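Each of the next two complexes has subunit A plus one more chain, namely subunit B in the first and subunit C in the second.
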Partner chain A sequence: MRSLLPLLALLSVASARAEMVALDDGEMSKVQGAGFGFVLENILLDAGQSTITINDITNGSGQNVPISVKEFYLGAAGSNKGANLNPVTTGRLAHPFALNLAKGEDLRSLRDDGQWVQTTPNNVAVLELTFPERLSTGGNACIAGFAGAGNNCSSRAAEKIDMGVRFDFQVAAGRTDVINIDIGELAMDGSYLRLWGDSARAQMVGEARLNIFAKTLEITSCASGTLNCTSAAELAARTIYLTNSYANVALGYGKTQPLLLDVTSNGQFVLELPNPLAGASTAAERNSRASEFYANAPRTNVVVDNLNFGGARSSAGVAPTGGYNFGSNEIRGLSFNYLKATSHDL
Partner chain B sequence: MISRLGLLLCTLLTATAQAELHPLADDSLSDVSGQGGVYLSGEFSINKEGGPLWSKPASTNAATWTVGERSCATKGSTTPENCGMRLAVRSEAAGGWYVLDNIKGIFSFEGLTLRTRVINSGFAGDGAGFNRDVLEFGLPNEVKFKDGSFAFAVANQGGWRNSAGTVANGGDASYQQTNIFSAKIDGSIRMQGNVLVFPKN
Partner chain C sequence: MRATLRPVLRAFTVLAACVLASTAQARLEPMADNELSDVAGQGFINLTTDSNAGIDYTRINLGLKVETQMNMNKLQLGLYDRAGEAAGTSDILINNFALGSVNDSTGAVNPFMINDPFVELAYSGNKIVGLRVGFAESKGTLSGDIQTLSGSVPVHIKGTADPIYNAASGGTRFLLGLAGVYRSSIMEADATLVNSAGNLDPVRATYSGMPNGSSLSCSSGCLGGLTNALLSLFTSSNCAVTGVTTCFPLSQFQSLPIGNAAIADNSATQAIEGAARGFFISMQTQAVSWKDLDSNTFKEALAGAYLNIPKFKDANGNLVAPITINFDQAFGGIPRVDTCFGAATKGC
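This part shows the complex of A and B:
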């Protein structure tokens, strides 16, 4: 071992020529846990030439119901439901998709009133996957021409995407049920998934925010060109049109109600949002936890400015005329006090 | 032994040093710039003929499988199929396992590129202010799949056990696995564009 030392010393002298200078305290304190940014440049996905089948979803008799995935695409806005696909650049250099490792006390979430608050507990290392962020100032319309969705998205009009997918459920011999989904001008700014380890629970926990802003969303229950689905009128009659719709889905509040994605020891899936007051021993602690939870826990909002069954859009992005108009539908300020969903084998 | 090894290393070092390396002058160095990058095209196959863990049984009836046999045929099928790779993760000390099961197939692509690039313009006005290097992954324009498959499941043990088999055949009735869904992919998927990666701070 001793004879290796001169060799190491020789090597270190050679590399020392690069003149590394030590960081002083002031420089060190500026270093924070940062991550990687991702920008998708000129992206286009089209699975129209492939056969994708989803299996293992069974009917009441335990038989497999194969689901064929068709017409899956992702491209620039204005694609006319995937008919005219062009590449799109999504995520901005200044506001990219990101994978971060940060301390719980350094992360912030946007509350509905525009305040940034800490939702993750202190003294944990959090792995965070984020979409392009929402901004305090200088943002863009989350949905063009619909102020209700907010003007704090970092994505601009050209960075929004069109995407769609069609599922064919082969329910029985000779019968196929179709769900065809097309989303126009989609932005998902401010969405994130955060994961960390909870030592008291001895498991991985997290919190998630899923923001979906879509100018148009259309759900059609038949495949174009099949029986009773050939003319534009027949196709329109089997379509649900959503115009100017958005959803902010908040799952979990890291400090007192982390999202638990478990598999039980007998092999079943459990999704749980625990009671934020669980484990609090005194009335004072329960009160402070409850008021903190109600003040800061992110809420779930689902807003559809126009919901229409049937009819037709006079031009892209305009609410349809004809059919049945169900007007504006909203769920706002939904907060989960407790949620537990468990899978069972049938 | 170690001292002899050290001597040998020193000798090697001396031997290489005789090639007389000269330092590059500053102007020669300034001519060197990171160019090129990597262009990859290829085809790879994962567990197409089954993995080392399980061999293909003669029937799809799990009760008849012997030790080391497993079929991953779709429910209702009577033709046994080889099983692919299995990946199991447990995120809770006393909990069950998330499983990515039966990962197999042939994937081929043409023109996956990897290089660095300076961005100082474009991007609808964002590029000039950015003015930094990024790592650019160029996606292949087309990825072809043949018999690609995977299944997402939850299970009470990381390793697969035959819950329907007899104990003599390596069966374990306490094993529980629930397949949430599985997917099969055939044909080509158009996948174009670049993924730009850069440090964020």
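This part shows the complex of A and C:
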């Protein structure tokens, strides 16, 4: 809602026609950043007839391994893996996607225990792209029928998305690996990307949160209609089923561990989450920073309530029977005290 | 130099720079195909394939060098009913899992190092039967409260016989003396995942120990050449050798070394010196043989979730167990290294 205020302010300017007067510093400091919210209304993407080919990923001998990207779709939930595509409206005026410019001290992030906390530093102007929010109260099920994912998503059932894409990897002569992905009832509430300038480091830094909630995620390893991939049973046997899955991926804690992205002089990239205690000179300061970091820094969780290789669902959204049932799988409460990843040519 | 420039000279320098700049405003020209072909791409991803025993493999390799110190509250894979296993158990369950360690007195981290992580799929025909995530090279400390473990975790126990004497009854001490084993003798044994009865147990194990039928050996400091022959008469049975316990709960091994910490890494090289090759976690619907990155041979992983902590090469190039402990550590466990800043050592 806050994001709409600047828009309303802009509209009101036209009727005011007052002389523009410069703001002094005191007035400037009270101004909330500009921004706007938007809703994706009646979205339907169907690239079923298109193919994009990615080249120059090589094999161990340096030969090209073409990757064909095809059968992409995005539409309303209930599409039956894209077979019955309808447009979807995701986000709404009360809880839109938003592009904001805000002060660091005014932004909040939702902790796993439901508390809103400040994660960005004071006195910085933050450019923020957000998905529809998660809520403290009055939310909807992030995954229908699975309380474990939380009931604090603002997106309602009708705003969730079905999407899918197929990748064909021509890995060797006469051998093509197929990875066909279909996601059912997808929501990404509470995801955000925040960027700001760090004057001490003289570079742009940020923090990101990627939340993915999916009722179903299915990965099929053959192309329908090809050898051993024609009947429903053959397709099912070559499908990996994830049921009631979610991931909260947290990268960066702006106050003491911003996400750093850099490129080296030889073109390689560097991703870093610095030690939150870096620069703390006393034991008291280190302990204080550590306590604050562990209390408030967002954690990464990856939960698959049911993972099944093969088998078949008795009805939509129900964990399959048959095949190999790996049951529940989860990574909980992952955080980094330090991470630095540097790429190099293979 | 710049500070000594007089104003006129300074103005001339600025003017010259402007003139030079104006001549540099060249038009952008498209590159010809042959010029473009000389440009090397940044190939930090590649795909490699293998085939073995009717299974095809595709491995996505990432050219990344990673240094990290991380904690997670829980790592749980494969929580499902499994024949012969206790209800409610998992193939792998490690609480307070961590890689690397911290130093509270300085605020520094001792990172866990990873080179070239990969994701690999195993296909039977066009059916995916296995998935593994691993590291071409890795080195550092892995910590956790291990509840259940499936996979391969070789352990080598080596040290003086003193702790064995301390744990032994009077009769066993007599037999050890008869075999020519002194308190100062260096004894060795191999251990692996077993159950509480000493049987091999690669699925949902809760113990590591000497499997039934294996025996201690003396590598030095014993009396005469008959010692090992005599020791071989006393094999481990039901987690004991003549009354001395030979199986130990996995939960007491709270920090495990991966790779050879005795070999320092050279930050100037891409490789991680002293690294173990082929650490991986996998899930497969049937027994799948994954390629061992050290020997380039295929080694079988049983169905289910599977953790492989590989052997590594010592200074002489011999493959040795990733976990080498002495008998004190075997009997008493390995305490956890500190993985959390502040008062806590784990669970942060």
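As a working rule, the second predicted complex is superposed on the first by the 314 of 346 C-alpha atoms of A that agree within 3 Å, B and C clash if a C-alpha of one lies under 4 Å from a C-alpha of the other, contacts with A are read in each partner's own complex, and residues count from 1 in each chain.
Rule of thumb we're sticking to: a contact is a pair of C-beta atoms (placed from the backbone, for glycine too) under 8 Å apart; a residue touches a chain by one contact, two chains touch by 3 or more.
Nothing here was measured: the structure is a model prediction, and the numbers come from that model.
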item	value
Which superposed partner A:P96 touches (first subunit B, second subunit C, both, neither)	first
Which of subunit B and subunit C A:I183 touches, first, second, both or neither	neither
Partner chain in contact with A:S50 - subunit B first, subunit C second, else both or neither	first
Which superposed partner A:A202 touches (first subunit B, second subunit C, both, neither)	first
Which superposed partner A:A149 touches (first subunit B, second subunit C, both, neither)	neither
Touched partner set for A:A250, first subunit B, second subunit C, both or neither	neither
Contacts of A:E41 with subunit B and subunit C, given as first, second, both or neither	first
Touched partner set for A:N337, first subunit B, second subunit C, both or neither	second
Partner chain in contact with A:Q268 - subunit B first, subunit C second, else both or neither	both
Residues on subunit A lying within both footprints (that of subunit B and that of subunit C)	56-58, 267-268, 343, 345
Contact set on subunit A toward subunit C in their complex	56-60, 65, 169, 171-172, 175, 177-178, 219, 221-222, 226-229, 237-238, 240, 267-268, 275-278, 280, 283, 286-287, 289-291, 293-294, 307, 309-310, 323-346
Interfacial residue positions of subunit B with respect to subunit A in the complex	2-3, 5-7, 9-10, 13, 74-76, 90-98, 119, 123-124, 126-127, 129-130, 134, 136, 139, 145, 151, 154-157, 175-201
Residues on subunit A engaged by subunit B in the complex (per definition of touch)	1-4, 6-7, 10, 32, 34-58, 62-64, 66, 69, 87, 89, 92-94, 96, 98, 100, 156, 158, 201-204, 261-269, 343, 345
Interfacial residue positions of subunit C with respect to subunit A in the complex	40-49, 56, 58, 61-81, 90, 100, 102, 104-105, 107-109, 111, 116, 121, 123, 125-129, 270, 283, 285, 303-305, 339-343, 348
